[in-house]
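Down below are the structures I want you to see.
Below, chain A partners chain B and then partners chain C, in two separate complexes.
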Partner chain A sequence: FLGAGGGNDIQWCFSQVKGAVDDDVAEADIISTVEFNHSGELLATGDKGGRVVIFQQEQENKTQSHSRGEYNVYSTFQSHEPEFDYLKSLEIEEKINKIRWLPQKNAAQFLLSTNDKTIKLWKISERDKRPEGYNLKEEDGRYRDPTTVTTLRVPVFRPMDLMVEASPRRIFANAHTYHINSISINSDYETYLSADDLRINLWHLEITDRSFNIVDIKPANMEELTEVITAAEFHPNSCSTFVYSSSKGTIRLCDMRASALCDRHSKLFEEPEDPSNRSFFSEIISSISDVKFSHSGRYMMTRDYLSVKIWDLNMENRPVETYQVHEYLRSKLCSLYENDCIFDKFECCWNGSDRQVKFLSLCTSDLSNIVMTGSYNNFFRMFDRNTKRDITLEASRENNKPRTVLKPRKVCASGKRKKDEISVDSLDFNKKILHTAWHPKENIIAVATTNNLYIFQDKMN
Partner chain B sequence: MLGKGGKRKFDEHEDGLEGKVVSPTDGPSKVSYTLQRQTIFNISLMKLYNHRPLTEPSLQKTVLINNMLRRIQEELKQEGSLRPMFVATSQPADPLSDTFREAQPPFGHLAPPGLLPAELVSTMPLESCLTPASLLEDDTFCTSPAAQHDGATKPPPAALQPVKDSFSSALDEIEELCPAPTSAEAVAAEPAAHDSKAQPSESDVHKPEGLPESRTAEPKLMEPLPGNFEITASTGFLTDLTLDDILFADIDTSMYDFDPCTSAAGAASKMAPVSADELLKTLAPYSSQPVTPNQPFKMDLTELDHIMEVLVGS
Partner chain C sequence: QDSQEKDKSIPPERAEEAKLKAKYPNLGQRPGGSDFLMKRLQKGQKYFDSGDYNMAKAKMKNKQLPSAGPDKNLVTGDHIPTPQDLPQRKSSLVTSKLAG
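Moving on, here comes the complex of A and B:
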């Protein structure tokens, strides 16, 4: 595995942890999404209580060259509220399913956040000045009696404590009958897609009262429904291309230029089933929980229950690489089905397009060469496509001092457990890492446990 | 179950269940395969029918569990096994799969097993212009012609009654408070929109031919209990409220009106109006006053409040 040996390997160190310390987790605090913005300066998290918390990286202190800036709370706001669907007598959860940042165009920052039914465009702006010296108003806002005004003055801007305001600029509602699982901003930065279990809609960022349906897999007879959409993403460079994954382990690539309703895929990516691994749970574990294009757009990565697969867009019949995340769980699938863990939706992410990383990937022309994904027991895994090495790390408050290199972990599948190894039966399946994010430019990663956010950095020498 | 530090006690048992699936034709291991299959079947049923979330259940999860059940049933069918299946709960085990079976024949010749829904007969013609998402919600909840619908004897396919779902789940809760006799009447409540008289025996208005055969063919496989609406609440994806219904249909407020004689929305509405009379029947044993149909009734304000509480699930 990636160890402290090679000079090119990343050595991960604990940097910060955010969130409550106690073991008793408040449901509203459960983190449901993590996303860096395009510069990496801002890091947003969404939680089950419908809140968004944005952290900002401190400007690098030139004197402290051995560590990158810390992330501190920049803004917190309530993005979504719980709602009640009176016709179905069901609650609509306020949980934030996804956050996606828009590239910055001016002083303000914009992000899209979505729950099961409604997408919102939020503007986050700074205010560090305020006007003072009104003629008709007192400083506290009360109106003055006009008859007491004897002189006139021009109000001036005076500095004030920095205030970060978040305001909803657009609300995209009432377009999804089923639960939204993905949003993805197009490379034209004008449109975006939202995907639910059966449909994908295309929106214009400026227009909220209309969206266009581009994929619809709802069968005429709902009783025949056997497959749902699980994730969707726009191609990073081609604004008419997007992919969507399904609960049967397939990925479809569609071109919006082919027809208005992309019911016919341009490409269908599917790996034939391995007959030696067949079980009752084959279908469930093949369900894809996340799909992410590589930076160049030449590859895409999919996450299913037990593995991460890298696909070459030019080859549909099988992935080019497969990495086993926690193969030792294959013999536990029945228990994991019983306790619902088999339905956990793990995400995956690529490394950022860092200069150093680029050096490592001379053999492939793609800057995407490390993949990261979460597992149980607060473990997360990284796979290096070039060296074919992998590492398991743990996000925990114990044994984590800043700038100490994280110790690799190992799970013992069977047989004699070596020292420092953890046996499969000791794994805590309530401690799952579903959401991870990699800084777009540097080797900084954000890893979300149930209710804590860990930030790790590579050791700078 | 696996948890932090949990030690497994019955290694052999676990191996039998968790180990790789062996071919059903192997002699001694056929038992463990059958046992495994049985266990998974039971677990799947319990997941579908015991789960009562306040929010809509995940469609993906429901679909995956349904697929699991279907696959196992297909296997059983192929094996020609008529051995009674252990139903873990007293709730109806089967209606979902029955309706699946019934629904299949019409499309059977069109849709070989592996065919994906996207490639099935699509009602959405390829248009030359983009389809606004709002128009999508025009698709009817009557997802297939009446002839294919399973009878309304057992949990009626909710496709017929979109709004029924919220009412039915509410009725469900009320029924839980009072035992079965009303459920037959409640079942009859749905076709009441189509029939003027509500009689339990007439509730299978849309019974397809296939139903009696399948019933006799697998007599003991599952015993569907009449009138249990659990299924419609659990299998959220069978009910598909359309935006049209929400925006344009008359909302039946007869439940909240004190004048029960006003029947609900007229024939033009797609909704199955649950008129006050039908609702009355289901509420009859619950209410302390004897109630007969076609009679104006006065309900205590407090009783109404209580019912409202139950309906909104507080």
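Moving on, here comes the complex of A and C:
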């Protein structure tokens, strides 16, 4: 099972791929976020065109024991539209930066989606019956001539083809001067935070006309600006605790009980840098692009340009583990700077918390023992914290047959390239995997290439 | 060979930095980061000043405002950008291909 060997002992197989086959990618189709809901039954994607597509997992077919249910389109809607702010001369992109699901409370599903400026709460509900037999209306809605009505009847609900409707229930607007990079729902399930480059706001899900500012790092004089907020997340269990990461590679943990404005951190996580190693690129590649708490909240993981770091919340002065994602890029920084790739924001995610491991696990570890993150050339990487083994896989339509185990890939950094290896200079830097997601309970992963969504599952016996 | 030995002692990051400075000698003295912060904060900024526009409209009264030439991205000199000059942002009316 999952816990025994970890990342390398899971045998990943291709399951599905969604999206257009052609190479000519329209900008609107660029996937910008991927997120499973809390049960894993639903998988949402957001794109640069402001659209959200939700997939639903089929109910497991008991006769088809060789694979878990497939994901099919459940709902799709336009979440955000482009806007132009004439007053500030600012173009507001409709690109969906983040989607976060609320835990399910009733028949409907709720998610938060955000672009650079506005967060929206969407309700996704099913309708599978409709009332029929009105007295005053025909079935098509036209009003009947009242003089023809001679009897009364009670309208009844009759089954209809399933219709899934998405409607915006709350619009949280006008609270961010800068660009929103993160939203995170609190463990109290009543509030959430939204973070932009310089500020973090706290909202109540029911209230749209008021928001509390809890972090403000804007300097009085903008010339003194040295760092910006890059990501933020609430602690999974402690409703007064959250962290935010910066462009300088630091993470600050704040406790909302300490003061109304959490400008003074409770903890500052920073790895000391060897000053002799400092270069023009140091700060850029140390910028943290994503931060994710582990399931228990004891650890958190950060992603910077070249590595993933695991931090123990009890130790501020250095990470407990560091995993190199693509260290071979360090000798390509000049060209990566020239083509802007050095500014790519990779996300990272933990494995789901497997039910089996919870009952059978003997170790004190966290249940969060595998890290997944993307790279270039449509490669993505997994690191097993227990075995210290790692693997590189590729999301590609070639050589991907269902139930065939994916072949590990290897990049040849220098020296003689072996057969089946790919040299650094042959990597396609336009094929980036920035967004990945792991099913909360099963070994199913969703990996987004530029405009396609791949779903992989572990090989079941 | 001499150059190989040199490579061993120079960390790859420094070697890359030297390459960059050789190409762009005027690159800011500040470490990479600060310039990008400002650029990041200003993402999405277009050059349209509602004050200039309204004042120019008032001055011109009934005359037409000069519109941008064929290259709408090139707005320079005395030309006052108008809302019509700004690239039109069409919303995506097409369904996502992921849902296809």
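Going forward, the second predicted complex is superposed on the first by the 439 of 461 C-alpha atoms of A that agree within 3 Å, B and C clash if a C-alpha of one lies under 4 Å from a C-alpha of the other, contacts with A are read in each partner's own complex, and residues count from 1 in each chain.
Note that in this section a residue touches a chain if its C-beta (ideal position, glycine included) is under 8 Å from a C-beta of that chain, and two chains touch if they have at least 3 such contacts.
Everything numeric in this text was worked out from a predicted model, so none of it was measured.
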| item | value |
| --- | --- |
| Clash or fit, chain B versus chain C on superposed chain A | clash |
| Chain B versus chain C as contact partner of A:135, first or second or both or neither | neither |
| First, second, both or neither for A:404, with chain B first and chain C second | neither |
| Touched partner set for A:333, first chain B, second chain C, both or neither | both |
| Which superposed partner A:213 touches (first chain B, second chain C, both, neither) | first |
| Partner chain(s) touched by A:259 [first = chain B, second = chain C, both, neither] | first |
| Touched partner set for A:167, first chain B, second chain C, both or neither | neither |
| Partner chain(s) touched by A:201 [first = chain B, second = chain C, both, neither] | first |
| A:73 touches, of chain B and chain C: first, second, both or neither? | second |
| Touched partner set for A:228, first chain B, second chain C, both or neither | both |
| Touching both chain C and chain B, counted on chain A across the two superposed complexes | 84, 86-93, 116, 178-179, 197-198, 222, 225-228, 247-248, 278-280, 283-284, 287, 331-334, 337-338, 343 |
| Chain A-touching residues of chain B, taken from the complex the two chains share | 1-8, 17-21, 36-37, 39-40, 43, 47, 54-56, 58-61, 63-64, 66-68, 70-72, 99-100, 103-104, 107, 111, 116-118, 120-124, 126-137, 139, 143-144, 148, 157, 159, 163, 165-166, 169-170, 237-243, 245-246, 311-313 |
| Chain A to chain C touching residues, read off their complex | 18-20, 28-29, 31, 45, 47, 49-51, 53, 73, 76, 78, 81-84, 86-94, 116, 178-179, 197-198, 222, 225-228, 247-248, 277-284, 287, 330-334, 337-338, 343, 451-453 |
| Chain C residues touching chain A - in the complex, by the definition given at the top | 11-17, 19-21, 23, 27, 31-34, 36-38, 40-41, 43-50, 83, 86, 89-92, 94-100 |
| Chain A to chain B touching residues, read off their complex | 84, 86-93, 116, 174-175, 177-179, 197-199, 201-202, 210-214, 216-228, 230, 247-248, 250, 259-261, 263, 278-280, 283-284, 287, 331-340, 343, 425-430 |
